[in-house]
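Dropping the structure in here first, questions after.
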Amino acid sequence: MGLKDIISPFYVWKRALEKPFTHPSPLTTRPGSDRYRGFHQNDMHKCIGCGSCETICQNAAIDLVHVDGIETTEADSGLRPKIDYGRCCWCGLCVDICTTASLTMSNEYTWVDADPEVYRFIPGADEKSWNDTDKGYRRAEGYNLLETERVDMDMTLGDDGIKSFMEVIHGYTKEQAMAEAMRCVECGVCVATCPAHMDIPDYIKAIREDRLEDALELLYRTNPMPATCGRICTHRCETVCALGHQGDPVAIRWLKRYIIDQFPAEKAIAQLEQEFEDNGLKVAIIGAGPAGLSAAYYLVRLGYNVTVYESQNKAGGMIRYGVPYYRMPEDIMDDEVTVIEKMGVILKTGIKIGRDLLFEKLMHDNNAVLMATGFESPYELSIPGEHHSRVISGIDMLDDIANGKSVEVGNVVAVIGGGNVAFDAARTARRLGADVCIYYRRRIEDMPADSEEIHEAQAEGVKIIVQSIPVHIEDNNGSPRMIWNRAEMVDQGPGKRPKPVLIQGASETADVDTIITAIGQASDYDYIPESMSGRIHFNKTRVATERLGQTAETKVFAAGDIVNSRGDAISAIADGYRAAKGIDAYLTTKKGEK
Amino acid sequence: MKSTENKIIHPLENAGVPEDQRHLYCDASPRPYPALNKYVERFLNWARANSLWILGYGTGCGAIELRPLLTSRFDISQYGMNPRPTPRQSSVFIIGGYLSVKTLKRVIRSYEQMQNPKFVVGLGSCTVNGGMYWDSYNTVNRLDYYLPVDVYVAGCMPRPEAIIAGFEKLKSTIMAGQAEGANEYAERFDWYKSNQKKIIKDWDMPDYNW
Amino acid sequence: MDRSKFPEIVDGKSQYDLDSGRFVKIWNGPQHPGVTGNMALEVVISGDEVVDLKTHVGYLHRGFEKLMEQRLYIQNFPLVCRICVPEPDTNEYLYAAAVEELSGLEVPERAQWLRTLTLEMSRLASFIMWLGGQAGSFGMGTVGQWAVAVRDYVLDLFEAITGGRIYHMYITPGGVRDILPEGFDADLEDVLKKVEKFMHDAEIVLFHNAVFKKRTKGLGIITPDMIDPYGILGPNARAAGSTRDVRKDSPYAVYDKLEFNVIVGSDSDAYDRARCRFQEMQQSIELIRQIMEIMPRKGSFYNRPPNVLHWQIPPGETYVKAESTRGEYGYYVVSDGSNKPRRVYVKGPSYTHAVALFEQMAVGTNYADLPGLMVSLHTYPPEIER
Amino acid sequence: MNSLIKRLKMQFDVEEQTQRSNLSFINATALQLPALLTHLRDYEKYTQLIFLTAVDRIEDNQFQLTYMLADESSQNNIGVRVRIDRENAVMTSIAHLWHHARTYQQELREMFGIDFPGSPGVNDNFILEGWEEIPPMRRDFDTREYSEKTYFPRPGRSTTHPRTAMKAVDPDYPELPLMKGRVK
Amino acid sequence: MYIATKAFYLFVSIIVALVWGLTVNGIVRKIVARVHGRIGPPVWQPFIDIIKSNAKRSMIAHGVMFYFGPVFRFAGGLGTYVFIPAVFGSVVFENLSFSGDLLLVMYFIFFGQLGMALGAGEGGHPASAIAVGRGLAQMTAFELPFALSIISLATQYNTLSITDIVAAQQAGVMSWTVFTNPLATFAALFALLGMNMHSPFDIVIAPQEIPLGPPTEYQGSLLGMLHTNRGIFVSAKLILFMNLYFGGALNLPILMVKTFAIYMLSVVVGVAFPRFRADQSIRFFLGVPTVLGILALLIQ
């Protein structure tokens, strides 16, 4: 210890001459850094109320609550996160997991109050000074807690695919299914959107945990035809999937298919409940399409004796006869029907009501009758020359193929329409060896067909010409020549879809071997006898019913395409459920009256 | 939480204190002190607000942000604040976040040793509703059940600036004559005590320590 | 140590008679400025000499280990940094490393560099605060004031990278949450210069200070043969001649790619420990510069684990360790195949230093030296009781 | 590390599991533990006790005690695992081997209820104070329930699951399952 | 009439001393803050603190002696001041100085501390007791060089009247004691370091281990009284040193400059060093300062 040790400490005084460390006015001049994790912000319009933030919050700081002015719609639960700042730890996990990236954090950090109860607010809905701050914590690029890409599905596409009617989609393997099931955040937004309200999050969870028996049970609770839906469903659920906002939606349809693929009919039957209390009441169902089968299934489970009458040789309706085998193999359809039959449904095929059996007899023999006949008659083009012999309807063609008849389409085929039937017809034609071109009035994004189907068709070499309207069909040495006109989309104002309008002078011709029309179908109500015609009301082409399918003739119910306008299998299945519920309610009250 | 439950005044038990030591402690409950003449009180409140002495008890995480605050970078001495090492001389008790039951016991002791008027500032989520440790078996969730709190500062941890803002708020509350936590504690003494005793299982201290 | 003049110990408890007037019992803490953080020392003194000391901890007990068993793997990552408030990043790193090891999750190279950068920065911040505390505990508030202010500059850097001053929550299983912000290099250099200036000043006024030397030299000597029986770690052990440093012994993150030497002392008293830590601070600055120079600036910084809401980790157990400012910090994680850890045990180095070692060392020292001695062991109570 | 295990196996009845090149776990019986630890400390240079803790294996009705040792020179770690009965859990104290083992044992006594007879001050309070429930680190202690019961939950908080909220979209939302009394 | 005027003058003098003492405190805090690299409290902060302390509503007591502690302390401060002629030749500030006042002042300087010791001991806080022990030990230690220095001065000027000592230094700067008797001055200045309780001799009030030392238990108006005393006592000490060693003051501005400069001495040392332990500081005072004192005495 020398003199230096005594003198050098006085060096501290140098600091007195320097600028102080103290920040002069920290409150106003020190905003949080650009990434500061301050108070939350939420973009009310982007948020769909999926509740992932609530799930991941380890502090249970987030509640989902209804907010005035936000309606519950099919894609939005109408709920918004309400954050309890008596719990929040500002970790930002909620921001990281937000499926829509609507939840962020501002760089504001001062909130002082004497009342502890005020520290709860709904970001975005409650007026706060930091609502519009553009700085603060955001998810970094390259950092995302959720997988945005779905597991690729193995498919046979392109040249290999069109060689045969083998199923194109191969289905997930166990690893793939589990990986895809992992992506789900279990928000349940999809459940409401699914017409049949299937327990999507639950069965995905069951896949993830490899409880396939439970998964099957869950599927059959709400959907008697899961194999069908696992293949050809229009999957509205996927369009609202929370993950779809920042990437691919969860492949709900393929996951469903994965479950049912593990259960051939015998295994599924072994797994499901089969014996139900018999209540002695009889119900007749006309049409063994998805709606009819679904209603039959539910009614059997409720204890009714159900007979389904089908005019075709096999049950399945449009799914069997309108969907080609490469999408919906025949044996899968058979399995599907077998399971339902095993539940106790009596199926009588080849019986056309009105021809083989009179509607009145049904009315007499049964306690209730359900009409589920569907739309079978194709719409006409209503243009000159459409009755040319080489102009066929898509639905008829598919029907013929399904019945094993040979169909000749030639080398060049034009398909008119943009729905699933159009694409099925086009791809079938492709498999028959033709060059196929689809003509559609509107744009690709307006097509009612599933996007996967469009994509697969394109991959198989189907050409698509959009904004094209056929105006005339001529005969060209026995084969048809189609004159079509280009159209432009004219905006119809907000909320209405744009309308195609012919462009003058932009007409072109196409020489083809066959023209397949697939612009929609209508129903055939011939089987309804004269005596009842006044008692069943119609709404344009559809049967007017009550909420649960009851027509004006209380004993008669209706379901499926003849009632709802969505025209897809899952809606028909949901309709079947509704009708079953309606019939049960009707018969139960009637019994009570007695 | 202005509740009137447990309003019955009963003689204090001085639980836990051996009989022969009772005389060492005060067995009277605290009493509220009414404000003086309006103008005098206004002047005194001004002095109280501008000379806030902080009790140097780092009860939780929050203590870490008090250091920059008390030292050069943010230097709250320029606002008339100073750390004091003893509760006797301090007027502000900063609860730095969560309170474990064991700490709560000491906090109550320290708080009761502070002299009226005294103020409590709760930092962070933990004092409002338990914060991160909402489901912990050892931390209390809501501070205002155990002590009257004048100001809460949100954050986890609140930045020093936010705490300064909290002090500004506390100052304005004091100057407005509304920071009467000590009187509230005296008036609702039984309610506070019953809450405290509910969770502090080994109550081996006098009911009220001055 | 010759304990014959101190009260007899029976069954781990000193036998002293307070009524004799020879002994005075004093509680240092928990409400007391002389203890580091919220803990208590039950001190018995005779005159100015400490004759018995018992450390009381548990005032900060939040039941972390229990809470972690109740939360998903991802939900624990905001929790762990709270275990050690002044140096949270070690916890974040270790938790992430343990989970990654058990789940087999790879971490991108760039993330490892960023992790090392934050680890070193937090070392620096923690050491700076310790230096202030060490000076302050001997009554030199000036250095204490400077230190906390300078540490705040490092916190500003943390805020720029991670969005949080104290709790960074930056190192997450799979990588880190973000890359460095723009203009960070210049800010960092600016801060490092400030820190260096502070350290230059501190060296002059503190380490060449007659009174400081007088107070610390010969205070709290740890002899090499105490290291193992007391489980002494980190600078406390290195000042006694041990060369253990996890960064060198079993390199983690990218420490094997950095050049540095283990700093070893010889006198192992409070002054020497301070000296060692001071040199480690200088080393940290050097390491930060090295990292900034060779760190890759491109590439991925995060490997996503499977959906964190359902992330299950196969059964197994592991122990991962890292060098914190107080010594080897370790996480022992047991997974049972579910989506929540079965057990997370956090081994903080203060655990042994503040209880078993300190209780032994304090006996015989002057009561006035107690705070300084305690700080010179560099203990943080929250990591003792968790 | 491997040679060490071989040597150990010659003397003790242990099972080994290597986690990393510098970390192994060995399973030992409670009876031979003190001898094993002493051996490791005195002859194998595993001189440092890093920690001692317990894992509640409630499904086996056992506690697993893990003693983590570190090699003085190579800093390799070895974790010695011992299973003991969960009911009336008692374990031999190792406080005589390492001074700081005392606090670990004190903590285990408090948090798990494992007794270490003879360990100094093992029955004193360490972290908790006035604890009346079962030891909190045991798996069968529910901290959330205890917290809600004890610490005044905040009133007025309620949340809605999106699935529930979305039932508003469809009045015929199925109340599942649609099935009546089953006969089997 | 004479008494009334005197009393009024004394009152004015005390108020001035008090205000100046507190202001010096405030300024010094500001300066120390600069060294710390911060802004520091407003200069008038000590005044607000005193008002605040007196505005406390409740108060606790530990017996009669507990009350007397601050009273003694205050009396000590006041007593020290009133017997020191603050401004040489001023009627208002001559206070109650008389021919033997130096001894009385010496007595009062320590009277306050002793009284405080009694009161603090009554508080029952062990930290207070320890601090009192340390304080008394340290006081004894620095009192030795101080006493030696005073004796040296008394021998040098052959008087025990402060006024006379000041008068003897009026011949010019070089006639100040600091130049005529540097050894005694330095011995006394070392003692002043101890008396002012700045580092390195502030172990008595070390907040790190014995929260504030003797006044630990004091609060409210009792603390206010202690703070008030600090104002007067600081003034008194500084004026005494100014009078004895730095030639006194002919008017208030000079008094302010000189006392402030003397105070800065403690501050300059204080911010640069940690604190000594009690035994170390006792050893220190019994070393160089005492030797200086003895030498100063021997030389006279």
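Chains: A, B, C, D and E, in written order; residue numbering restarts at 1 for each.
The rule is simple: contacts are C-beta pairs under 8 Å (C-beta built on N, C-alpha and C of every residue); 3 or more make two chains touch, one makes a residue touch a chain.
All of these numbers come straight from a predicted model, not from anything done at the bench.
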_subunit E and subunit A - chains in contact with each_ = B, C
_Mutual neighbours - chains that touch subunit B and subunit C alike_ = A, D, E
*Identify the chain whose mean C-alpha position lies nearest to the mean of all protein C-alpha atoms shown.*
C
*Please work out the Cα centroid separation of subunit B and subunit E, and write it as a whole number of Å.*
36
*Between subunit A and subunit D, centroid-to-centroid distance (C-alpha), Å*: 47
_Taking the mean of the C-alpha atoms as each chain's centre, how many Å separate subunit A from subunit C?_
55
*Of all the residues in subunit C, which ones touch at least 2 other chains?*
32-33, 58, 61, 63, 66-67, 70, 78-79, 142, 145-146, 149, 152, 167, 205, 209-211, 214
*Scan subunit D for residues touching two or more other chains and write them down.*
127-129, 136, 141, 143-144, 154
*Would you please write down the residue numbers of subunit E that are in contact with two or more other chains?*
33, 35-39, 207, 211, 271-273
*Chain pairs that touch, as defined at the top of this document*: A-B, A-C, A-D, A-E, B-C, B-D, B-E, C-D, C-E
_Which residues of subunit C touch subunit A once you look at their complex with the stated criterion?_
71-72, 74-79, 142, 146, 149-150, 152, 156, 159-164, 167, 169, 175, 177-179, 181, 201, 204-206, 208-211, 213-214, 300-302, 304, 306-310
*Quick one: which bits of subunit D touch subunit B in the complex? Just the residue numbers, please.*
127-133, 136, 141, 143-144, 146-148, 150-154
*Would you mind writing out the residues of subunit B in touch with subunit C in their complex?*
55-61, 63-65, 67-68, 71-73, 83, 85, 87, 98, 100, 102-103, 106, 109-110, 132-133, 135-139, 156-157, 159
*Residues of subunit C that touch subunit E when the two form their complex*: 24-26, 28, 32-34, 45, 48, 135-142, 145-146, 149, 205, 209-212, 214-215, 366-372
*Residues of subunit C touching subunit D in their complex?*
11-13, 57-58, 61, 63, 65-67, 69-70, 101, 227-231, 244, 246, 249-250, 316-319, 321, 328, 330, 332, 334, 342-343, 345, 347, 351-352, 355-357, 360, 385
